[in-house]
């Protein structure tokens, strides 16, 4: 039996006493799966894990509060769950986690780049996985791509490929891709001068359509319906189509995620107009890691760093005036 | 006004395109698809800009006519400085929009405006309550759409009465042929824009016709029973289970509606600082719980299932019921393509038709 | 932009009521001359300061933002400044990612007795901001331009 | 809203460098401002009357006063608007004195700044809401921390007024520094004769509970209801059984113990009763000197104790109490003079501190009131006093004058002559500071009548020569260098804040200055209050002062506490957090960070929500800054109010 079948068996077993298992199923086109809410055996047949299992199912947990729910989770999904548990936003005993070793997930935008000049990703009619490659049927014939070339950025810096907190783990655990996140993406970004960075954000944010997909795709944005983005009390933002308001929303999101973001990258993936909003959150995460030695979603018993303090903060070098 | 298309076929070579665009940009704000990072967006064109034609635009061009936010009027409450405490009120109308041209929009984008037009022309009030903000911009905007060379997995314009080569709602149609583009005026507005271009040769006209036919043939076949959609969705209005299942993975962001060429909803807010301020309107979307939040705190569409039902129902049932069967959907598929959780509106409609048949 | 275009830059201070606002008062009582750029927003505690106030100021055109609270361990509310310290330190480290010079924002601790220290902080911070010059503004929707006239 | 703006001239304090009329004219153009004027003294009666009249005449619904700091007159003007029928929170202040007129002379810049501060205040006021306080019951019990003369005075006054008083003293006896003194200036009356009866009063007062050898462990709660934990340190003697007979102290074999009470002038035993008049007169064992507790062998005291009071297994005890108010009276410590190498850095036994000298002068001291050189027990003839040892010395971070050294040095010179009629005293001084009733006369008497030689100048070196000490210094009046052969050198060591004052301040949530002295509420007008309601100051912990001043402040602090605790109910400050239940998602972050446990989770129709406990919330706003959706807001400092201030400045 393949891992896929083993997971299906685990899901079927879980459904014996849990009403709903959230995983992934076939999506609207070959490159994309969709979150799948499985309630019966027929639903389980549609289950798919692996390279297309992009969406973070932890997103749906706060709305499942009070009902025992099972999730099939990648390592990064489990971190989101862990953070929700650490913040007491979901109860661990209301959860059942089915883990499997994740070897990375697809980034459709990277496929688009690889297909540049040939076709759009939306023209791919079939995807087959073959070991470390995928084979795409395109109008111009088959295209073979290495998974590592089209995997999401986060997969290349994955420290937790296995959902360590899973209640049941299907398959052999994988070794971490890296031991340490070097934040090389930020280092690259920081090659820009301050002026260039400002210009960068102005340009990127000018494209924002204020759909808030970034927020709604974030498993830790639990305010959702009550987000300050559209409230008048408090009234932080206007609804105008200007960079200042759009950027400010990203700053709200980033500051609210400081010390909480697990880096799942769903905000950036969800952005329909490709604004690299994860960069802002990672800038906080890097500092949080350096300053407080804290990585969100790893230890459910540690208080997130902005909800606590130490009398002496050895890593904070205050300015001497 | 629709023109005799045979007399208005023009040709612009790849090499001559920048000069033509520059000419268009001289008399109006010219919007053209531009690649920005991973997205393709309609931006004011400037000399040197590459027009992105290989990837289809991520967003529709509706914001050219229906800006994401716009001033309705501004106000100044400053009174007579000699009489503090006696507030004044001076209102200032928003400034007139200038002319705009959209180059190489998708043909579905143009059809999207056809869903807007009756609503903003006051259809609900017998034409009395016209939205002049929209109508002025619509009047001053010339749309040049392009023939799609192929269909994407998410395309379904043919389901809702469109086609990859449709010029409905547009002022001119652009079709790529050997060596350049054939441009075909659809309206007088379109014709006047194309006036300076050399006429297309018969060969070029034939090539364009062939390209358009090819595009139409490659388009997906519509399902047979789309016509049943309005009734089916109506029948499922009270079927909470159906909508809960369909909406389970929806994350109720606004990506679908804001990318949609036919979604026309807006919100109105006032912003002020000190004595000055403005009333503005900005895009709003029915997937947001705030969309229907009432002052009392009551929200008739608190659940996302109800909101998704409204979005699908509006496009495929309520709207067509009062607009001669025209769906408020142009089948561009952006809502599917860009949905972070891959909600597929086609599947919902088809499931509804199937489900209603069983009821 | 301030009325005094050429002389002043826009500097906002967020001061806790109990220590730093008192320190600024003490400086005033002691007639410790200071540059005139700073405008103080009084808040009960540095823990009340949402970092977003600072970002809002900086995006809105402040050339500099100064936060001052009670010394750690000396918070009127026992713990507020401990939380503030973490938030503010993270914020300061975050600003460069936006392309904002982190020297445009400083936070410090001044007690109600430290009038002279307050004078020094204001002088040094104001000099620092003048050294950096006016901040470049962030564009916003054209229709909002009317809101900006007020602060001119 | 109809806002009235009043720009105060404060005489010339503001008007000298701010064009108040111009500010008022500018203010008249601000949103909702219905009336704006400048006014000579807003806080004076005519000023307040003018504000009230304007509120009525112009139907004002809110008032901005631009004047001094709100920390000074906000309460004043809140009462003013209240008298005019407005809610007291429909008022804002712009600080154009301490923050404008007093810190710069550029009239154009000041006027502009003042106008902008008024605009901020008006912008905030537009969003102010009427707030109403809640009332809560008061615990009519006072805690006094420190049993020196100031604390004793405060405790007795409060107890006499009928309050229950808990007096906590760190040492095994009350009495503080004054108990160590032989005589007091300028009357030269016996210190223990005047203090002793007050100490006895403390012991006997039915309203006073004394915890000696105890410290404040923690304080929580707020004015009216502080919850205090007191650590009663293990004395290893059951004080209920101990009769203070002193037999144990006679028999204790650990006779080389440091004598804390006597400032180390001669040794003492490990089990002690600090001095004969100690209150409580109970024995206690100093652990580090006790042979049994450190070495496991001895037990002599237990054997000799007639009542079996010795208990080597005793442990610290925590006592909990609820009090309505607290007086801090923790006194001072002498600085560590040994940092001064020029005085021998502690190497010469015949260089002593003034307090050691007091113990030598005292009849109940280790020398029985005989002045003897520590080195050889010989009576000194030439005694040199060096003043300002550790006072007025910026190089060691003690730039302040300790205030009482000039006087006690004069006293000690007099006493020296009294004890040893053929002695000669020399006093090296910087300036003589004697501004008190009878004080200057006293310093003259010591020179004229007792023939002490006062030499104005600093001592550069003290060094031994034979069995003498050579004191080399400058006589700046004569312009010569002088050397005095001394038998004994007495250093008038300056004082500093008590060593653990900062820790106590943190427990009490009061401020302290850079030297560790507690901050009074206002240097002039609130000398015994602190910025923490219900906490008062007495004695040298607030700033160095002599006995009469300490006693006066002890009484003053008691009077303030009596005033507070005479009320049955107190009004809670309504500037507290409130929750918009429909926006709260029940994430609990506010509950997690609240330093006061003032937020609880409640169930609202099946949903968890935060709820503020109104009388517990202190209004810090930490929750407000923590709540991501802004569902919990701090009244009077809401996000929108602060944003209004920001936007009044920063939108361009």
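Observations on the structure shown:
Just so it is clear, A, B, C and D label the chains in written order, and each chain counts residues from 1 on its own.
The working rule: a residue touches a chain if its C-beta (ideal position, glycine included) is under 8 Å from a C-beta of that chain, and two chains touch if they have at least 3 such contacts.
It should be emphasised that the depicted structure is a prediction, and the values quoted were computed from it without experimental measurement.
Two chain pairs, A-B and B-C, are weighed by contacting C-beta pairs, with A-B ahead.
Here the CA centre of chain C is 31 Å from the CA centre of chain D. Centre-to-centre separation between chain B and chain C, using Cα means, comes to 45 Å.
Here the spacing of chain B and chain D, counted between their Cα centres, is 71 Å.
Within chain A, the positions touching two or more other chains are listed as 236, 238, 240-242, 306.
Taken residue by residue, chain B touches two or more other chains at 69, 271, 273-275, 280, whereas all remaining positions touch fewer.
In chain C, 56, 60, 73, 79, 83, 87, 141, 143-144, 147-148, 150-151 are the positions where the chain touches two or more neighbouring chains simultaneously.
Arrangement of the chains shown, judged by which pairs touch: all-to-all, with no pair of chains left without contact. For chain C in complex with chain B, the touching residues are 141, 143-144, 146-151. Against chain D, the residues of chain B that register as touching in their complex are 77-78, 81, 84-85, 273-275, 297. Those residues of chain D whose C-beta lies close enough to touch chain C in the complex are 69-72, 95, 97-100, 102-106, 108-110, 112-113, 116-117, 120, 502, 505-506, 509, 511-514, 519, 523, 531-532, 575, 593, 595-596, 618-622, 624-626, 634, 637, 639, 642-643, 645-652.
If you check the complex, the residues on chain C that touch chain A are 51-52, 55-56, 59-60, 72-73, 79, 82-83, 85-87, 89-91, 93-94, 96-101, 106-109, 117, 120-121, 124-125, 136, 138-144.
Against chain A, in their complex, chain B makes its touches with residues 36-39, 41, 54-56, 58-59, 67-69, 150-155, 245, 248-249, 251-255, 257-259, 267, 269, 271, 280, 282-283, 285, 288-290, 336-338, 340-344, 346-347.
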